[in-house]
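To keep things simple, chains are lettered A, B, C and D as they appear, and every chain counts its residues starting from 1.
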């Protein structure tokens, strides 16, 4: 479907990004040592764990509401590293989770850490606990735990939503050191306001690579940088192109009349000259006694070709003229480029298929029951 | 259902003995298969998990890469191989989604068991918080009983309306536990954030460093622009200014409006900064998904 | 009159309980009291209970049971056949519970692996759909297309054609804004490059600028969020003071 | 903290370190009082609608009795403060214009119940006013909760008939019948036939909705202020056709319902033909306006607190110099 939704080149672009990632992962696996710059927030981990060791209070780790997915697992990977440090000083840990599936993964990973450190007997299964899968019940439970056990360090990393500030402030109230990271950009400011160290945005994904120095992770981190650079290059390149060609070559663009929907489309070249225009008198049912005049710009046909090119037929002094041009979303008020991705008009390249007889379509297709 | 002759079918009408028979057969078969897994030699374990993960992810990746015919509908016959495959991909979609939900749902028990384990130990070891653990367990049991019971009374045509007219004890109980308590507790916990935001802002918003100063200033502007009364007063001043300078309202003076300033900050600075951050995260997420799908992420599938 | 869920007396007690819960939870603002602890645990219990209930009523019943056993014709609805193959998902799901066994816990990774696979597959599928438009939208014209006026002309009183013309041209001021936009985007990006420590002065300063501009974004978010939080508090207070105290207790 | 410590502190330091519980108490009071005040003498503050709110209003106001929209109400009581007012305003518009709607939730299983309660409340009002009420099945249908919204929306976007095949809704007698046979779905065969997809939620579900149905039906997002900056991106990139920003957005909507938008796009302007008519003679200012004063006071106090904190800091700096 992507071919019609976004055009071939977009799929290609994503494939390029994936290629960058895979290439670097393989490169790192192949023993190539790659550089990662220092990440400020992460140096605080040992400090925080050390402090809670002195105070003999537990270290709290919460992945927010993250479920069993990239973010949640990433968070647990970071926690695994922290746990490793905590095990060295035999500091008690608490990991509170909001999803059952992630809970099982976390339990496995943390258990493995204790195994790897050679103290499997020290592992307390209740230190990794499922609190609730209901956002605020979760918040209430963890906040209560923070107050009761007076945690000395709190690591809040993952998918944070509204509950972020509840935990951050509660932890602050019991005087815990806090290191936070949120993949939900809307929550980052609160973590910044309430926590001691905050990993901003992408640093969260960089963390586990930075801490564990595992070739795969480091490689993929470098790959991510390549991908970002690719995106930047794309933006710069296309900006240049659009700036230039928009300046020189007149292009077609469709304008939605005073922002309303389902109205006649206006067709004009980019230098402002109208391509096709009719004056039309109309009455508004709301004001039966009045006559209004509006200019209607009505292309006869709009047929999308591939990668955002469309062929447009319209009347010019009575006769039909065809033009095709590239459409790019030039200003935010325009929304047509989205509709152009998926053709509304039946595409001549695709003649209708023959129909099957009715109601033989069900069963014979294991459990699909659509 | 015109295909009832013959023993084997994927589907049978509701309540047919064949259905029951096949359900039992299916159960036995799958249990047998699972039992077989218990005796898998060590070196084959990882491959099994990895394959499972890969195949599961492969469906969507295929859906992404495989060209899909336009306006797919079940009542049409595919033309050629490419369309046949794409038709099947489309056709499988509801099944896959259902499968995902059910499988994920079956894991909830893991979480609940962890919760119960903790609180039952507290209860039986007469831990000082045993009373609260008791509260937790009791309210949980109550909610399950009344929740399911209430739901079962609402089955069948018109049941909802009957209950609306003359609810039974169970409906009251569920309403009290759910609407009276649970919903309210949610709301309270959500609203409590206001207090925390207040203290956090008071503590953090100091003109200490460049960063905090910027944070503070922008936050103030946005807050002011949310207070309609303030905006009104401000804009009046701007209008007067515009009149006195005789410039048209669309002109340069217009940029002094509070909402305009806020809009400018949002359009020109906030959007790109947050977007860049989001795109960074997006790439990170893509990488992570890729690693997970191909099971090269440590600790999860190996 | 039959006692319905809208019966005033019942509603009064329902609201009263709600108000009590409100005070109970708020008590944590003073300190973690037994009162709070009670409501917290009740909350956790109810939430867990509801999760289990919803698991059946909202999810399994619809998505699994009805598909497994099918349904009879009802009203204008024709009967649905049952697909017995759905039973096979049970053992698969219960594999996850082998996590508690020391010997066979690897089996729990099969269902979890499948879920992970599905999740990440979907993430890849929707990646561009989600972020493509955002990239697309970051492509702005940095060269003005008209030079007749530096500012965007007033839209007031302009007819549709004029509006379209204004909308489709890039004026000098807009071009400048677009340059700032682009710079912001790039500088923030540069802050999130990890595989190199920027040595040269320009890139260093860009990175710093990136971090500062991020703060602008965060500030804006903070400002916008404060409204929500206060709105919710206001709503709670409205519940306690107006809906409960004034309307129910004082009967005003 | 102990008394003597308290005494040792300079005034500046005191300003910097006001005790938490005192702050909390202050907030509690300044929020409670204005509410009661507004309750008894209804204060109406002015408000300047933003463009995205106008877009929303224009799109919704120009719908008619033959149009059907989707209302994806995904909020629970916990965000009633913002979403509640929004839903109330939306439902009022639908009822007054006789717009049919399909009600479901792709976010939270309880949301349908909440929405139901709102409809009941509004119907009570309309009965009292002697206006005809909004009936289940005739005017709206309830699809309940879609537990796996991503895939459900995906299928909806690709083929509605497949997505909602065998979906039953209750008619007035409470008999479950095929959704496609209901009056609101009379003119609806595919997702494009809906005039709008209005989602009201407290969570960031837009990433789920937009890529799946966004290209086919105008999506309007009524959202809490928290999600606003994120969602604003989608509005700017044209993926959202309208946006209502939290409580202030709700008040803006109420203001527009009171004043309308004229041909020039001016609120309360008189230039015909109106882009969107107001609702004259109706009571348009409701929940939003009831909270508005309290919001002003609370924000004011917050700003004050921040200022005081900073003053304190400067005083200590000076004295330490």
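Basically, a residue touches a chain if its C-beta (ideal position, glycine included) is under 8 Å from a C-beta of that chain, and two chains touch if they have at least 3 such contacts.
Predicted model, so just to flag it, every value in this text is computed and none were measured.
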| item | value |
| --- | --- |
| By number of C-beta contact pairs, the top two chains | B-C |
| Chain whose averaged C-alpha position falls nearest the assembly-wide average | C |
| Subunit A and subunit C: spacing of chain centres that average the CA atoms, whole Å | 12 |
| Distance from the mean Cα position of subunit B to that of subunit A, given in whole angstrom | 14 |
| Between subunit A and subunit D, centroid-to-centroid distance (C-alpha), Å | 24 |
| Subunit B, residues touching no fewer than two other chains | 1, 10-11, 63-64, 74, 93-94, 96, 98, 100-101, 104, 107-110, 112, 115, 157, 178-179, 184-187, 189-195, 197, 199, 201, 203, 205, 215-216, 220, 223, 226, 266-267, 270-271, 274-275, 277-280, 285-286, 288-290, 292, 300 |
| Two or more partner chains touched - positions in subunit C | 25, 28-29, 37, 39-40, 43-44, 46-48, 50-51, 54, 59, 63, 67, 74-75, 80-81, 83, 85-86, 96, 99, 109, 112, 115-116, 119-120, 122-124, 127, 129-130, 133-138, 155-156, 182, 185-186, 189, 192, 214, 217-222, 224-227, 229-230, 232-233, 235-236 |
| In subunit D, residues with contacts to at least two other chains | 20, 24, 27-28, 31, 78-81, 147-148, 150, 158, 162, 166, 175-176, 225-226, 229-230, 233, 236-239, 248, 265, 295, 298-299, 302 |
| In the complex with subunit C, residue positions of subunit D that touch it | 20-21, 24, 27-28, 31-32, 35-36, 39, 78-82, 84, 109, 145, 147-148, 150, 166, 168, 171, 175-178, 181, 207, 210-212, 224-226, 228-229, 233, 236-239, 245-248, 264-266, 290-291, 294-295, 298-299, 302 |
| Subunit D - residues contacting subunit B, complex | 18, 20, 23-24, 27-28, 31, 45-48, 50, 76-81, 110, 113, 147-148, 150-152, 154-155, 158-159, 161-163, 170, 173-176, 225, 229-230, 232-233, 236, 248, 251, 292, 295-296, 298-300, 302-303, 305-306, 309-310, 313 |
| Subunit B-touching residues of subunit A, taken from the complex the two chains share | 1-4, 11, 14, 17-18, 21-22, 25, 68, 70-71, 73-74, 76-77, 80, 97, 99-101, 103-105, 108-109, 112, 125-126, 128-137, 139-140, 162, 165-166, 168-169, 172, 183, 185, 189-190, 192-194, 200-202, 204-206, 214, 216, 220-221, 223-224, 227-228, 231, 343, 346-347, 350, 352-356, 358, 361-370 |
| Interface residues, subunit D side, partner subunit A - complex | 20, 55, 58-59, 62, 78, 158, 162, 165-166, 192, 202-204, 214-216, 218, 226-227, 229-230, 236-239, 241, 265, 272-275, 277 |
| List of subunit B residues in touch with subunit A within their complex | 1, 3, 9-11, 63-65, 67-71, 74-79, 91-95, 104, 107-112, 114-115, 117-118, 121, 185-186, 189-190, 192-193, 196-197, 199-201, 203-205, 215, 274, 277-281, 283-292, 296-300 |
